[in-house]
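Have a look at this one.
In this document, chain identifiers A, B and C correspond to the written order of the chains, with residue numbering beginning at 1 in each.
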């Protein structure tokens, strides 16, 4: 039987998931797992599904997604050009390298109280925290990306009379993109992590808050369903990011192949 | 030339601090919002001397270290197992792929609900969050070992277990170290959040929260800076250890 | 003695099956130096891997000293084309060469044997170097030393000098012949280089492509020891070359000679 399983990995995975769900269900129902600490699988999944029918859930969902998306896209808009510039002009890089390195080890979540002080608790605070946290990995990835660009490509563009702006847009950005793509994927994960963290600690709305509220009100199935929701959100965002990355890089890999054929 | 550029960076950094100080003193920003760097440093020094900041730093450092060690000890072998046995990997793959992109902080409410607000909760959340990263990298490391290295073991009739420990594990070591490094970063981020949430649990995160609540703003900033410094120092210790153990890899890959 | 009987290898992909090798049969006497020569893609690496026990054939068998093999035989060592990827980057030269003997001999004996073979391939003095600190030619010599340290009866080499420049290749060919003459063993040497095959071997097995099969079996009657200039000026060398060239041309075009 082991041989049969070996040749069908998906079956293996499916069976394991079912086994875990079954164990979870039986464990709680039979009393083995304390039902005051964990809700059974069936209850959790039903609650998870039920949440999607409630309007206040959608309100929270929109709030969270808005905060994270805004912070993320702002970070992209600022960090990529800045990173490309820092990678291209060594002088600029040398000027700000130390400052970036000093800021880098400070976990953005630690800035939560400071952000609360500076701009007050509200959407601006969340967006700026997500922005800051996401901008750093994207910035570093862009700088790295530019440094790996073949100087011959830049030289060719220059001799063809391209302006600096055009070089940035048509040479640096595409050539550095594989590196930047990695940074963007880390950025999405970071944005989510920081955004949810902040919501859990300070907010009165949003998906992060929702789970904490369930915890405080001893809404057992709500807690586990909420965590499931967050996992699903992370999963979905990751898939979206990978889709766009694949599209952008397909173009890149194709051009690289054509270059050498 | 390199020294000059280092000085330039330093000059820019000091200039920024200087502008900040000037802005604070000139009243362009209120001390409630953005205290002067000098007041932050003053608060830092006096808190260490007269207050119990040192205790809090020690508490956070202890939790971080303990959690990180637990994460490494548990998750490196677990990652190895998942990498080594295809059946195990296939079995857990859907679960892993689903949980991989989850924001690890989501585990916090569950942990608080189950364990309350004590030290145990803090350490377990940090361990879980950073361990997850370590596990994934260890697993990926084992699975991406060059097949030619494995074939080399085969042609020399090296037994399975010996092959694993003398070929696969060293080959996977760079991945494992990357995982540990990223796990450390995750640990620091998570530590802050968990300590914020831990009420009276103490630690640097808690110190920042309390200071801010008491409107002691320079102390708040001082705490934030300290966390960054703590994370940085631990990271440097780690890098030092990595450099010693992975010298061959740096030469091999050229950096 | 090594015997290959009716060896076949197909690659299956869903419903389709591509034959890589069909009914390969030949014998190799002890201490013979045999080259397997063929155009790119004819399956010579696949054949060698099947003989080495690294790949399972679809049909047929490999008999080593009277025993049908099902896995990598004790008496054989395979040397990879990609020497850079086969040496352990985390070990120095001495550590790499000692590796096959670790756990089998006492530590002192292991070191002594390793040093002996390091000297034999001309790498004395580099024992503390990491592989990436050595040139391509040196790395391949290290791989050869590591293989020899087990003193295997059969040495299987897969285009070991293919990635090296002509001069280095010449030096390594001579080093290999020196080692082989000093401690004779059976060598199966895969190459696409006609000159190299003639220069090194007692016998050349010519392979054809699509599907892979033995097209011709030529005995090389050139005197030993071989010499890079003298042997290649011998009339017979050119005759062999002409003949092999013709065989390769026809077989890579897919037809029979």
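Note that a contact is a pair of C-beta atoms (placed from the backbone, for glycine too) under 8 Å apart; a residue touches a chain by one contact, two chains touch by 3 or more.
Just so it is clear, the structure is predicted and the values come from calculations on it, not from any experiment.
**Q** Let me spell it out: compute each chain's centre from its C-alpha atoms, then which one is farthest from chain B's centre?
**A** C
**Q** Sort the chain pairs by how many C-beta pairs are in contact and tell me the top one.
**A** Highest contact count belongs to chains A-B.
**Q** Indicate the whole-number Å distance between the mean C-alpha point of chain B and the mean C-alpha point of chain C.
**A** Taking the average C-alpha coordinate of chain B and of chain C, the gap between them is 49 Å.
**Q** Nearest whole angstrom, what separates the Cα centre of chain A from the Cα centre of chain C?
**A** The answer is 50 Å.
**Q** Using CA atom averages as chain centres, what separation in Å is found between chain A and chain B?
**A** Centres of chain A and chain B (C-alpha means) sit 18 Å apart.
**Q** So in the complex, the part of chain B that touches chain A is made up of which residues?
**A** 5-6, 8-10, 12-13, 16, 32-34, 86-87, 90-95, 98-110, 112-114, 188-189, 191-193, 196-197, 205, 208-209, 211-212, 217, 220-221, 223-225, 227-229, 231-232, 235
**Q** Report the residues of chain A in contact with chain B in the complex, numbered from low to high.
**A** Counting only chain A, the residues touching chain B are 2, 5-6, 9-10, 12-17, 20, 37, 90-91, 94-99, 102-103, 105-114, 116-118, 189, 192-194, 196-197, 200-201, 208, 211-212, 214-215, 218, 220, 223-224, 226-227, 230-231, 234-235, 237-238.
**Q** Enumerate the contact residues on chain B facing chain C in the complex.
**A** Per the touch definition, chain B meets chain C at residues 146, 148-149, 151-152, 154-158, 162, 166-167, 170-171, 173, 248-249, 251-252.
**Q** Could you please specify the touching residues of chain C with respect to chain B in the complex?
**A** Against chain B, the touching part of chain C is residues 52-54, 72, 74, 76-78, 80, 82, 85-86, 88-91, 99-100, 102-103, 130-133, 150.
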